[in-house]
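Some structures to go through are shown next.
Look for subunit A in each of the two complexes below; its partner is subunit B in the first and subunit C in the second.
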Partner chain A sequence: MSLLRNRTLVPIAASFLFGILPSASAAASDTVVIEAGRIITQAGDDIIDGVIVITDGRISAIGAAADIETPWDAPVMGGPDYTAFPGFVEAHTNRGMDRPNENLDVTPFLNVRDSIDPVNAYFEDCKRWGVTTLNVQQGNNTVVAGNGRIVKPVGVTVEEMTIRPDFGYKISLAPKGGKSRATQRQTLNRTFNDLRDNLTNMVESAKQDEDFARREALGQGRERDADEGEGRAMLGTGWTVDGLEMVKRSSIDEKVLPLLEMVEGRHRTFIYCGAPMDVQPAIDFATMNGLLGTATLVVDDSCWKAADAIKASGMSVILDSNMLHIERDPVTEEETETFVPSVYAEKGIPFALTSANQSTNSLWFQAALCVGYGMDRGAALAAVTTTPADLLGLGEVVGSLEVGHAGNVLLLSGDPLDMTSWVEYTVIDGEKIYDRSKDIRNKHLLYGVEPRGATAIESDASETPSDIEVDGVDKPTDEATEEEVTEEHADGHGDDHGDEKEVEETVKKD
Partner chain B sequence: MNTILSLGATALATPLLCVISSASERPPVAPVIWDTEVETVEASAPKPEPVKLVISADAIYTADGDMIKGGTIAIAGTTIAAVTPGGVSSDEDGLHVAAITPGFIDLSPRINLADFSVEESSEVVPYLRATDAVDLYDPRWTRLLRSGTTSVLISPAAEDVVGGMTSVVKTGGDPTLESREVLANATLAGSFGSHASRGNSPVRGRPTNHFARRPTTRMGTEWSHRKAFYDTLAAMSHEDRKFEGWDIMASVLKGERPYIVQASATQDIRTAIYLKEEFSIPNMTVDAAAEAWREPGLLARSGMSVILPPFSAQGRTAIDNGFLSWNCAKTLGDLGVAFALSSHGSASPSGRLAMQAGYAIRGGLSFEDALASVTITPARLAGVDSRVGSIAVGKDADLVLWSGKPFAATSRVVGVVLNGELVTQ
Partner chain C sequence: MHALKLSLSLTAAALLSSAVLSQDEGDSPKTHEATALVVIEEAPTYLIQANEVVVAPGKTIKNGQVLVKNGMILAVGETVTAPDDAIVVQGETVCAGFMDAWSSLGIDPASVAEMGTGATTETASAVDHFTQDHFRVEARNAGVLLARSQVGKDASIGGLGAVLATSPAGAVVLDDACLSFTCGITRSGRRGDVFDRISEADSIGSRIASGIPYRQSLVEYSYELAEWDKAIAEKEEELADDFKKAKKDRDKEIEKAEEKGKEFKEDRYKEDKRPRAPSLDPDKAVFARAAHGEIPVIVEVHGTQELRALLASTADLPRLRLVLLGATHAMPFAEQLAARRIPVIVRPMAAGQPAEPEFKGHDLGLAGRLEGAGVQVLIGSGGSVAGVRDLPVLAQMAVAHGLSEKAAFEALTIGAARAFDIGADFGTVEAGKHAELIVLNGSPLSGRATYVFTGGELVEL
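Moving on to the complex of A and B:
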């Protein structure tokens, strides 16, 4: 039975009966209704037997089924067996790119737009594990890296994927390959000192030009040409160069203009610390250049030792996917384990978890581990939804299921932190972009089914997951229960052929 | 235990695939000789020690019958003195946890496998003992213990065809073999696949003796295996054919000692099954058998037991790139194939043996089978189930204390009891 019960055919038929053009129903097809036995909104209490109405990609209504009037002609997804959950938010990643870093030290003129590969298997994994929003930044092997971007894992072009273009810059305090920490910091500080000197020189030069022009006009006894007025006074809380309004912004080299805009607080920065010793220099650097309000620390697993400094700076952190820091005493060789997120949670430092984006290290699993190590369930779930959304300035758009937010909804087979739960459907902006029953790779991993191309696959498996059945036609699926498959194995020839079948039971809907 | 015994019987009843006549020379194959009676021995030690530690839990998973909902475990000396249902109250003195399981047993911890533990004098060295090369000060012992693994099987590296004898040891306690060994020379270890011939190079110049022909291919490995067992059959009937270690090989053929061979790829698992059937090896286990899901029928038919390698996110495992499907454990369980999970010594929180059981559950395995696959089943496969592997009176007090339902992603090991001592908390 199709998951998308279609009700559009009815009005179309009805309108033809009465000789009316079906324009109204065409407009209504932008509305999708999601039903779930339980909705975990991440914005208040769970809703039992709830519905989510998504109109034009945004949530237009959410609540108990009894309280919400759903459009009678909208397709319906889900059902009472599902748990609805907001799409996970990956606070920081440098995967999905051709190469995460350039060889040069300071490259703010680059843009990850030119490096993101929309068909990279990483983005397929994101759909599979329910990550619907990703902050793609360049890698940590840099001094100042290029412009990042917030994307969703759907679309065949970078533009289609984009949620926020030209978002944020990566700065690293940990040594880039071939550097020591000393040269790394020297390079970083010199970059911004040079910027300041450059701008000061430009202002001086502009003053001289201005003076010359004024005297020239005076000598020639004419009025001065009107100023083009393209300059802007410099903003920024760290340092400013007086008189920058005399300099046209277009005359500033594009290689340093992004740096100026960072100092002015126009861009977010993600400052990577690869060891506790990087933390205080990072804070000093951010303070000196006025980045404290716009910077987020990206910390490795050992940086918990500098948590007090981070707390004092007021900055938030994005954690490494390895959350258990193991340290061996150099003398006694005794090992101590520190569960990193708990440290930040205890200090009250806002933190976001990140994943290695595999089944066992995806964001659900990271949050589950946090609960296992004693963290409050709400805090653990927030660290993979609302906290990263807030860190990225998208708190009003993603991370929770509320009216006005993007229609990014996961339909799970159970509780998000349960070992046996799976993402059955991923919905982004109201569009179903992942359906586990059609996920060949997942079947291969779970049941040992040969991947696409290795053997003939049944016709319905060749559909792309993004195909949405809106014509209401149920395609027959070749089903075999697991018992049947294992019986074939028992015959001693269950080599491969028995596994081509869809061994998953299609979820029956009302 | 019944499952294992019946599988062993099946193997005996299977017609031999062997076409070479040596049946007359073969000794009558003895039944599986594990002592099944010891389990039921009551705590009738001559000098009962006083109870020194009492731990209560909301749930006790004994791996030996039903779960006890609310109960206490009393420990005297190094063993379990009493398991009492009920009587859990929060104001009681002593430790209280959410759940208790037996200590885990890892048959493939890969803890001692440094390169220097590979014997190169011959490809068949049954007389070597892994314990002679084990480093009890390796920090990985503590990691294993901390994550709940209380007993492991230490084996020689899989770089020889028949690599030597293994031992079951505890992961903690005094750093002496005497205090840690549960069962010396527990099993014989062998290897199929590319590892057995890895690093070997063809003989340069004229081969002068048997040892110069160390296998460089899978064919060579298989040949070495069969030659070793045929030589053993000959040695068992002809005094002048005896060779060093023949008696150990003979004990495998008689079923007195389990034979554990590494075989990851489908072809290697098949080879192992054919070897088992050809020589009627009663008690044989394939280790790191990632692709067991491709041949569950053959495994069931031959009575072979299985040790699965750790699950990987992309399915591919380290040994011979074998593909381990996530429902492999369930498939084997449904067919009655005895299987154990293993960690290969991973220290990361997502790779430990406790998590492997969780992944198997994610792949469809029932909780009870998952619990057995890291406790009582590996204990049986190594022949140490009389001492460890389940929670029962008289058994070693090796316990894992949990913060919640065992193997759930939201639970973790909060404490480990080894030989009656609370070693981590």
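Moving on to the complex of A and C:
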């Protein structure tokens, strides 16, 4: 009985929701169907007249409309005019935080969780420009920075936004403000030397305690109690400290533990190189401390000169947003231009692009620029989707439209590399989180439509008593008047809502 | 303890990354050893034929030959056996490549200007093979194939200097060539008064001296610990032997306590306290190396007051290998410098060359007069980048003012190499040494270089 009731009620509830509240989220339903004239899957050939079925936030079916059976009761988005594309993946950013870096040199005990601001305008821009996965790391002005995290631009709390918590650390070989390369490296070396000394001392003192306890028991004629729970032996491919299993991990200081786990290969690291001279030291540093398997190089535009060393190390790179490196010969004054991504593409080094700013020069602009400089279209698109997804260990989840992947789909008005294309809808985990027809900011900037609320007082002017309309002349003097004003505003909202519906229709016609 | 890595690469592909990112662990003495070059089977053999092979200062072979392969000198003599396919290079003179004992070539400029360097700051960690290549080319063209470069040029402690090669691929020849200090010089446009300068000189001596008790405490600790370990092991054996009895006694005590209704108390266990390990101090570890003469200590110092204070504050460090830099007013101390075998790296400067106040009173005759007093003279271009190419000219200026040609040549080759502990591998034309060579159309200091051999490559100029 209850089963039957569920079956009948859900579609009714869904249609009720969608009928009455057109803006209600599709998440109310378990299944969403997206139709598109063309689906660029980034996992094989494009699909013409395709559908994507997203169930419980994950893609459950994708293919040509003729081949896919869609649930009759699922809400449908898109249509033949749209191009579907996987959500862009920002491989590395320090936007969305209250500030990118700390004053201290070595801060692995900090976490970007405490710095990310969910209502930062950046995340709104991410929805608007189709960036659905972001690796938020601290900035490059550091020696060893705090713990990063991978987020999606949805949610009102950091936890809600989080895809991978406690993900990765930034290490910089380029000098932090107030340092030079020599002292930067000195600090970095000392940090990891101290780590080793620290761990060695801990093991030594644990050994001493254990030895003392054994002798004490012998001297007192007492059988010893069984050992309590122990720590773990140290892992790591660079160096290890023997006997660390004698030290309980919980007793290790929070300033030391993250570094230990880094050396053990338990954390990703993002190593910043600000000049080609930083690249080999970065590789040596990674090798020495066993980070080669977990580290990705974050490189500035001049680092292409050390591309051979990067290739030999087998590491991947995240490129600086400035992709055109211009250099003037100090003797001849001749200028040389190098389009940086092409160098990495030719050498076969996996690379990810990053946004130059949070809106106009976002990822698809960067990819289009690569194509403009002669790069293969597939390679350019991969650098903003599948490659960054792989770099972040999310290759099986985001970056391409495949069964089992997260339902992160952009519905574009045209080709993703066409400068006239717009993101019409952004879908994350099957939930529509952006709809251009309802984008107040876009409408304001492009069509001059005043956002609701911005004109409330003016439009209500005729209905408002003249004595409180002009600010500063006759201010409301008692509570009663204030209440009146509030009521007026409340009414005004109702009127505005009506206006906006009209505007929406105008926009759609455009 | 870590071994010095030398990677003079032959080709980019063969470049084995040198472990420049070296760490200073503890204070164990460090050996200076040069690892072999990357050997490429098809590397050509070169036969250099010259009217004069300058093997070492004052030692030449007329109409001699030098056989070179893989960046190493295989044979030197009047005639050497060369394979048929050897490439013949001819010239008037062949001699060892020059070395600038005082430069900042090949490193990141911000690190050179850095004032926050310390004893453990390493010049090798600021090496930049990618920019300012033209300065390296100019230096190479002038026959300057090695340069001792230094970060923190004007800082009170500049840290560890490095010897770099000006070869096309660039290389760190030695990453701990010296520990560098400055004393009483102008920093950021200001020079301290005489008391500041004297106290700076005093502090250099006391800082280096602090390394001695530090190392001693480590050694003492290791002996004390070994003794304690031995004693405690014996004690543990005894305890183990007496365990059965101790256990019986304990059981009895427990019974007794129960009978009396008292709480049982364990016997207090006592043993000798373990010796405490001295806390590790990387700075003092470096000072200890300096105090024990494992690395030379370079001090830029000019005025008489600070020179006197420096010599006094370092007089009690018999193993210290002090080298003075600049030393504008060194003459009053020449006798002492000669007796203590303290070399001086002079900077011969042309008239009107902008210089800081400490150079006031500088004259080109200093090198010659020091030589006359029996002081070993070395020559440097003064910590510059662009000036490295002038090194042979600077040497000639010193010669024009009284330095002997032999001493000048020695200063640019084996003298500098020995001062920085690379004399076994560089500085003369002898079999088994690195082939860092210049082929010239005239005498070593006045001829023009036509070829240089560097980093395993033949560079035609």
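Here is the rule we use: the second predicted complex is superposed on the first by the 413 of 510 C-alpha atoms of A that agree within 3 Å, B and C clash if a C-alpha of one lies under 4 Å from a C-alpha of the other, contacts with A are read in each partner's own complex, and residues count from 1 in each chain.
By our rule, a residue touches a chain if its C-beta (ideal position, glycine included) is under 8 Å from a C-beta of that chain, and two chains touch if they have at least 3 such contacts.
Owing to the predicted nature of the structure, the values given are computational and were not obtained by experimental measurement.
Participant: Between subunit B and subunit C, whom does A:Gly378 touch in the aligned arrangement: first, second, both, or neither?
Facilitator: A:Gly378 contacts neither subunit B nor subunit C.
Participant: Is A:Thr360 touching anything from subunit B or subunit C once the two structures are fitted on A? First, second, both or neither.
Facilitator: In the superposed model, A:Thr360 contacts subunit B only, not subunit C.
Participant: After superposition on the shared chain, which partner residues are touched by A:Met323: those of subunit B (first), subunit C (second), both, or neither?
Facilitator: The answer is first: A:Met323 touches subunit B but not subunit C.
Participant: Between subunit B (first) and subunit C (second), which does A:Met288 come into contact with in this model arrangement: first, second, both, or neither?
Facilitator: A:Met288: touches subunit C, not subunit B.
Participant: Who does A:Pro80 touch here: subunit B (first), subunit C (second), both, or neither?
Facilitator: A:Pro80 contacts neither subunit B nor subunit C.
Participant: Output check: A:Tyr447 vs subunit B and subunit C. Expected answer is one of first, second, both, neither. What do you get?
Facilitator: First partner only, subunit B.
Participant: After the superposition on A, what does A:Gly314 contact: first (subunit B), second (subunit C), both or neither?
Facilitator: neither
Participant: Could you say whether A:Ala368 touches subunit B, subunit C, both of them, or neither, answering first, second, both or neither?
Facilitator: A:Ala368 contacts subunit B only, not subunit C.
Participant: In their complex, what parts of subunit B are in touch with subunit A?
Facilitator: Result: residues 139, 142-143, 146, 293-298, 300-301, 311, 313-315, 323, 325-328, 331, 334-335, 347-350, 355, 358-359, 361-364, 403-404, 407-412 of subunit B touch subunit A.
Participant: What residues of subunit A sit close enough to touch subunit C in their complex?
Facilitator: 175, 178-183, 185-186, 189-190, 193, 197, 208, 211-212, 214-216, 218-223, 275-277, 280-281, 283-285, 288, 302, 305-306, 308-309, 312, 330-331
Participant: Which part of subunit A faces subunit B closely enough to touch in the complex?
Facilitator: Residues 322-324, 326, 328, 333-335, 337, 356, 358-361, 364-365, 368-369, 371-374, 377, 417-420, 444-448, 482, 486, 489-496 of subunit A touch subunit B in their complex.
Participant: Spell out the part of subunit C that touches subunit A in their complex, as residue ranges.
Facilitator: Touching subunit A: residues 12-13, 17, 19-21, 23-25, 107-108, 110-111, 113-114, 116-118, 120-123, 125-132, 134, 151-152, 159, 232, 235-236, 239-240, 243, 245-251, 266-267, 269, 271, 274, 280, 282 of subunit C.
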